[in-house]
């Protein structure tokens, strides 16, 4: 889908906001690309992020895709608006095994108040990528709420 | 709902599995109670877990409720089985502000292969608790899969 | 949860709106009770509503719970507002077998713009009820949109 | 995605099963195409299917996409297996206005027990189509359960 951003400076705004997400740094995640209606986040495998079987915890998988979807939505929001996750649903299709993980978020519909996004997490260990999780999410444009800005 | 656990030693099994979830320790989360079909996890506020507005990241909220739901489901599974999250959906009803957070997971239906759970996260800052997120989740009983046990 | 309705005439408004839902009449569904933040819809088994194995179609199950959740939310909305379903998620825990079905929708959080509801469908054949599906839904308060009122 | 069906006669099997869904006929829905991992269902606008504002009821939208996803999944299942909806989540992105509606279901991952699908509903009134709803669904392969076959 082709989107025209309302804020020409959208990439800097998304990158600044991502830099303020302390939890992304705790996960060792980096924002690797931003485009109108799309964002991509990468992270590497780390023992500190595992569940009981040694795979990436479902919550880590979700965190990365949620942030990618949120920033995909923010990239299309007007200057001064902030993004909040309203809700999301994740299907964990395969154990999160791998060395590198790439979360991709894309806007499906950008509304005035609500945006709908889809996202996925891809795992790789060298040769090719596997989609291990898919998300469907609703993001909210928040305007003029004290203490909430992006 | 009243459930009869198939494994009389369910609490030890759940606690051992939780102790192997390295990510829970990264979040500073503790398993505070386990009962047949129910589990509770607590964590405190920590700057390292925040999103861009200074609230707990939606992924942290989700991680805690997912683990609570997963262990609620595991508490009813037969000896030797492992639990995997199939999918979940979270509604984030209010910003995750507070000093302490309590995630509660409960089994709604325990099937042979799939269990359905509901969960919530409650925030507190001293006086009373607020439910800030609710989850509906599907958990899978995994048996005789090499490398996957709880 | 205890809610105070903004519109003292909420029950009449919910009942009038339900009566305009032509699809509820196609399903043979009746609105059996309305309270602040809660609504209940009943329908009977009918061959015309079945899927390929002779159970009630998942879409029928969903339709009844969605309407119950929507009217639970509408019962708390201000005069002149309308309700729209933003999204919902349903777990179908058992085949929809039975003679009578009862869908119950309850508001978990009533926000200015968005309300979060949970719902369920119970089946009965005489002796007791079984919960066969659970829903988690987001409803929107729509105000001053031409052609949309309840 | 490219899928190889386990049952070479998958299309006949899907069409026979669809023909037994009495509810699809109540909705005036037709199965317009079946391919490995994909199915498409069409229906026209009908006053009998509306909610209170005169749009197609969210439950009708869901019913069509759920069936499309279910048959997309069934197209890849082995001979003798049946499909059941485990759960789904729908985002209703715009009012279901239009003369014709097209539900498309696609398999994202076909597992031995569980399949993950995405689906959408497109509305048209002559000039072009609009995606008005998206679904993410989990379908189950049911084998050797008495009374359940497709």
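As written, the chains take the letters A, B, C and D, and residue 1 is the first residue of each chain.
The rule we apply is simple: a contact is a pair of C-beta atoms (placed from the backbone, for glycine too) under 8 Å apart; a residue touches a chain by one contact, two chains touch by 3 or more.
Since this is a predicted model, take the numbers as computed values, not measurements.
Asks: Strictly by the touch rule at the top, which chains does chain B share as contacts with chain C?
Replies: A, D
Asks: Give the chain pair, either A-D or B-D, that is connected by more C-beta contacts.
Replies: Contact tally favours A-D.
Asks: In whole angstrom, how far does the Cα centroid of chain A sit from the Cα centroid of chain B?
Replies: Going by mean C-alpha positions, chain A sits 22 Å from chain B.
Asks: Return the distance between the CA-based centres of chain B and chain D, expressed in whole Å.
Replies: Chain centroid spacing, chain B to chain D, equals 32 Å.
Asks: When the C-alpha atoms of chain A and chain D are each averaged to a single point, how far apart are the two points in Å?
Replies: Chain centres of chain A and chain D, defined by C-alpha means, are spaced 28 Å apart.
Asks: Do you know which chain C residues sit against two or more other chains?
Replies: Touching at least two other chains: 86-87, 89, 91, 138.
Asks: Does the chain-touch network form a line, ring, star, complete graph or other?
Replies: Contact map by chain: complete.
Asks: Per the contact definition, I'd like the list of chain C residues that touch chain B in the complex.
Replies: Residues of chain C touching chain B: 89, 91, 93-94, 108-109, 111, 116, 118, 131, 134-136, 138.
Asks: For the complex, give me every residue of chain B touching chain D.
Replies: 86-87, 89, 113-114, 138, 140
Asks: Would you tell me which residues of chain A are touching chain B in their complex?
Replies: Where chain A meets chain B, its residues are 17-18, 20-26, 47-53, 57-60, 62-64, 66-67, 82, 84-92, 95, 147-150.
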